[in-house]
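I've put the structures underneath this note.
In what follows, chain A forms one complex with chain B and a second complex with chain C.
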Partner chain A sequence: MTGLMTSRALALLFWLTAAIIYLPIGVMAVFSFSSARYQILPIPTYTTEWYTRVFTDGQYSTGFVNSILLASTVSFVATLIGFACAYSLVNARFPGKTAFTLLVLAPLAVPLLLVGIALRIWTTMLGLQPSLPLAGIGQVLYVLPLAVLNLRNRIAQLPKSHEEAAWALGASRLRAIVDIVLPACRTSLMATFILCFTFAFDEFVIAYFLTNFSVTLPIKIWTTIVTGFDPTINALGTMVFAFSLILGVTAQWLFLRKDP
Partner chain B sequence: MRAKSVTLRGVSKSFGHVQAVYTQDLEIRAGEFLTLLGPSGCGKTTILRMIAGLEPVSTGTIFVGEEDVTGCPPNRRDTSIMFQDYALFPHKTVRDNIAYGLKMRGQSEAARSKAAEDWLARIDLNGYGTRLPSALSGGQRQRVALARALILEPGVLLLDEPLGALDAGLRRHLQIELRRLHRDVGLTFIAVTHDQEEAMTMSDRIAVMRDGRVEQLGTPADIYDHPRTEFVARFLGRCSVIEGRVVAGDASGVVQVETAALGSILASGTAALGANVRLALRPEALILDEAGLARARVTDAVFTGNAIRLRLIASDGTGLELDLPRGAPVPAIGTDAGLRLPPGSAILLTS
Partner chain C sequence: MARPPVVNLWQGILPALLLMVGFFLLPVLYTLGLSLTSEGTSGLTLVNYQSFMAQPTLTDALLRSLVLALSVVFISTLFAWPLAWYLTFCVSDRRRVLMLFVLVAPFWTSFTIRAFSWQMVLADTGMVGATLSRLTGAPVSLGFLYSLPASIFGLVLFGVMLITLMVYSSMATIDRRLLEANAVLGGSGWTAFREVVLPLALPGWIIGAALTFIVAVGDYAVPTLLGGGLRPVLAQVMLSVLKGTYDLPMAATLASLLVIVIVLCVAPLLLLIRGTRLQS
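Up next, the complex of A and B:
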């Protein structure tokens, strides 16, 4: 009996947590279909007008395309560099390796606002103009620790003998990485790419500091909001949330599935 | 001839403070099957990995044939290695696994495919080329790993616990297979194992290792019949060890040892007069004989399949083991039995 009660209590706890996380977004989703300009109850009539507006407003689509391009490039580069870094961390033997590992992963704990400001100051010092590519470089630095962390775990699991066998059969170090290690990490590489993508796609602070405001989707949302609430944000937010959720779930699923 | 010799000169290896292999000379002849035998942690795998180039030496030089390969990476040595876990590439088909070495040599797709099919036939896996390694049994994987290593006809094939991952029945069968394969391909084989039966069945010579040193090197018969140390004697089969003192000896290599357990014993070997020595006795050396001079109490009789193994205690408390042929009368436990030891069947240990 007690066992059953405990399991029921745990289930309740789970749903409560889920509710706390998803309720605000749920509310936003509901109001995105409301004809009223403000969040008032009861909802006068249901409409898809705000969704239509999102698609007809040119700035939203520009922002969306920019965000997709930026996030894909950032994730691709971060996954590539992350793989190289993770491979070295797993295989290299050098003094201070633990300290170096911590150093690579530590930026995750640094407030993003500071990272953004620091990057802005630094790039200004270097005489670089704020631009989308510059924001991309900044975002690579931001998501890189995630990529390293994920891929390091996978590479550390691989039997060393597979690579050694390739060497003994005549493969160079690089060739063995391409032929043996990369294919063994396929799923993890994909999952890492998607994870980085979800982070880069939503990223606001670095993009805000390193571009000229108007371009990515989060920046467009921000600039829309500061000039007064616009119900299209509800519709846009709901769509972005659905998109991110699908990506996040896919990444998690890939991680759970693991490589063969 | 393709086969190459391997020479280790003053080779040692340490990992931090741990000395895995002490300074060592070792000569492996071209075309022989040599096994490094020892318990886990004795340094045998480290030696194998140093020959393959997977582990840099701490000191010394390694030659494959006439060539000094000490600084060579593994892909530029005329050696191939088969791992205990076989290390088949899981995402490549059996054929691509076997042909991988040829691909690295830049051979054409057609030539690779042909050579791989030839090897598939040779290892009785015709038609398995397009499967993934995960669809094979343990024994089949072992054969694929062998084919993959041998397709390059390396001067030296290194085998790390080649049968370690297989069950007992299959192991015995494959020991013979591996021996035959060695004769067929005529290459130098260097294997590592902790299984003395495996080592004796397969090898031309065995190097028994202990704590980072080769303790004894010789043919299986030589090492079994003339172990120099108690460790080697015990590692290559069962034996009883008794203590005694040399009371007579001559230059012919036979000494008379006075023991408390079995009285006066003639053993082959040389030792100084008056020296305290240890003798090893194989269970099949001792013979039950009521007319024998020594006596011991029977404490246990165990059926081992092809013999009855008697455990006895000599008058001075030394434990002895004796193999009684099937069908011979078994003395009752607790009774005293007479023992005889044919001259020369006791082994004089040097340590």
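Up next, the complex of A and C:
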């Protein structure tokens, strides 16, 4: 149907697009080992100095620790709430189910900026100070739709008969969920956790709006970038890119793998 | 068949419901409401919107956001359709998995770092300028960074990925026999596209275009790093209001305008989806 020439041209278009998407990241990775401050070729000497600096700069490590803690908490809470929500959406009929589903998925269809600004205005009205826990709540809103969508698909695929057998043997609904449904979903739960973590770890706008002085890694990166150029960002950016890529690949791989 | 033990499944959705209502729905409604109030006057007022209209920096920012988002959707669409066609009809299954992965993987990492890496490459001291200078033997100043086209470029990369993915996922479900029927009846590749592929893949495009529009119109990182601060978009003025003058009703007004722009631009698209569903 598609001629050979057209097909070749389209292949070229695809790989050109891919090359453009990867170009700056590749350049950043290469120059993160350059001793020069700017992108000069040929590279004067190779150095790992910028990487050392990332690890010795206290603010980066504080940001990193904050981000890890925040993203883990956010992903754990989102996976838990998402599981309860997904299980009910699959198994229950209740009035307003469509409206509720739309509400839970709504943050996907709204700019993050809006989630951040509305939450900031709302919490200011309530008299709450901006803080990391508030940023965490904002980020749960952001990743919850992903958790619900992924887990709902998985739970809907489970054969109903195992749970029914447990009920017949006298298990309560909760007991059947804990003993039957949770173990059957463990790969998806892990994948969901990692996926949420990937997004929460890199999330910048909500955290920026809802904290005052606490620093997460994306906030530290942002302030470093906008207050003037610092080559350590090349090194840090390369590491963050690799880290997120590994997480994303792992999550994707787990989703593709079937739960036993 | 065993009867399910009686438990009210409302308990399962309760945490999500409380969270969404308490920290999403109410804040958004409160923000919309706040834009209609003003200190000193009681009751509802349009004074914030009037003050918005009176400030060219603000109205320009709104227009710029709109131009940015529409251009991003338009340009991304031009690239996305051929790419989705290619992925659906021209490659083997195994290759396709790899290619989809290649396309999507970079977008798992932060917008900020990707925008920053472009800032470095496009800067006058960056790779592209340096390479051009070397090739031509004269200093080349790109003059591309810190402009609206640079912001558009940065967001188009995201848009191409997302719209391609969405169009592809619709195209992949098309029954190939329809295309064979078209070929048997003497239809060309172009008729196959116009009569079969386009209408059936349109819902995917609509979702992709709507999401791309929403991201582009509300993004802060790319317009700041690639577009610069001199000609700000709505997101940038919103942040400077919030971190600067701290005029909450004005921040709420800007946020409400963002909502209005999104509803006005995305609603027609979604109506189009309903139209295509009714047809088929």
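One rule holds in what follows: the second predicted complex is superposed on the first by the 237 of 260 C-alpha atoms of A that agree within 3 Å, B and C clash if a C-alpha of one lies under 4 Å from a C-alpha of the other, contacts with A are read in each partner's own complex, and residues count from 1 in each chain.
The rule is short, and it goes like this: contacts are C-beta pairs under 8 Å (C-beta built on N, C-alpha and C of every residue); 3 or more make two chains touch, one makes a residue touch a chain.
Being a predicted model, the structure only gives us computed values, none of them experimental.
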Partner chain(s) touched by A:C85 [first = chain B, second = chain C, both, neither]: second
First, second, both or neither for A:S172, with chain B first and chain C second: both
First (chain B), second (chain C), both or neither touched by A:I225: second
First (chain B), second (chain C), both or neither touched by A:A184: first
Chain B versus chain C as contact partner of A:Y46, first or second or both or neither: neither
Partner chain in contact with A:W253 - chain B first, chain C second, else both or neither: neither
Chain A residues touched by each partner, larger count belonging to chain B or chain C: C
Partner chain in contact with A:E164 - chain B first, chain C second, else both or neither: both
Chain B and chain C footprints on chain A, overlapping residues: 164-165, 167-168, 171-173
Residues on chain C engaged by chain A in the complex (per definition of touch): 1-5, 7, 9-13, 15-17, 19-21, 23-28, 30-31, 34, 79, 82-83, 85-87, 89-90, 99, 101-103, 105-106, 108-114, 116-121, 125-127, 130-131, 134, 157, 160-161, 179, 183, 189, 192, 210-211, 214-215, 217-221, 224-225, 235, 238, 242, 248, 251-252, 255, 258-259, 262, 266
In the complex, chain A residues that touch chain B: 159, 161-162, 164-173, 175, 179-180, 183-184, 186, 260
Of all residues in chain A, those that touch chain C in their complex: 1-3, 6-7, 10-11, 13-14, 17-18, 20-25, 27-28, 31, 38-41, 81-82, 84-85, 87-89, 91-92, 94, 100, 103-104, 106-115, 117-125, 137-138, 140-141, 144, 148, 164-165, 167-168, 171-174, 176, 198, 202-205, 209, 218, 221-222, 225-226, 233-234, 237, 240-241, 244-245, 247-249, 252
Residue ranges of chain B touching chain A (in the complex, touch as defined): 52-54, 73-75, 77, 79-81, 83, 85, 87, 89-91, 100-101, 104-105, 134, 148-149, 152
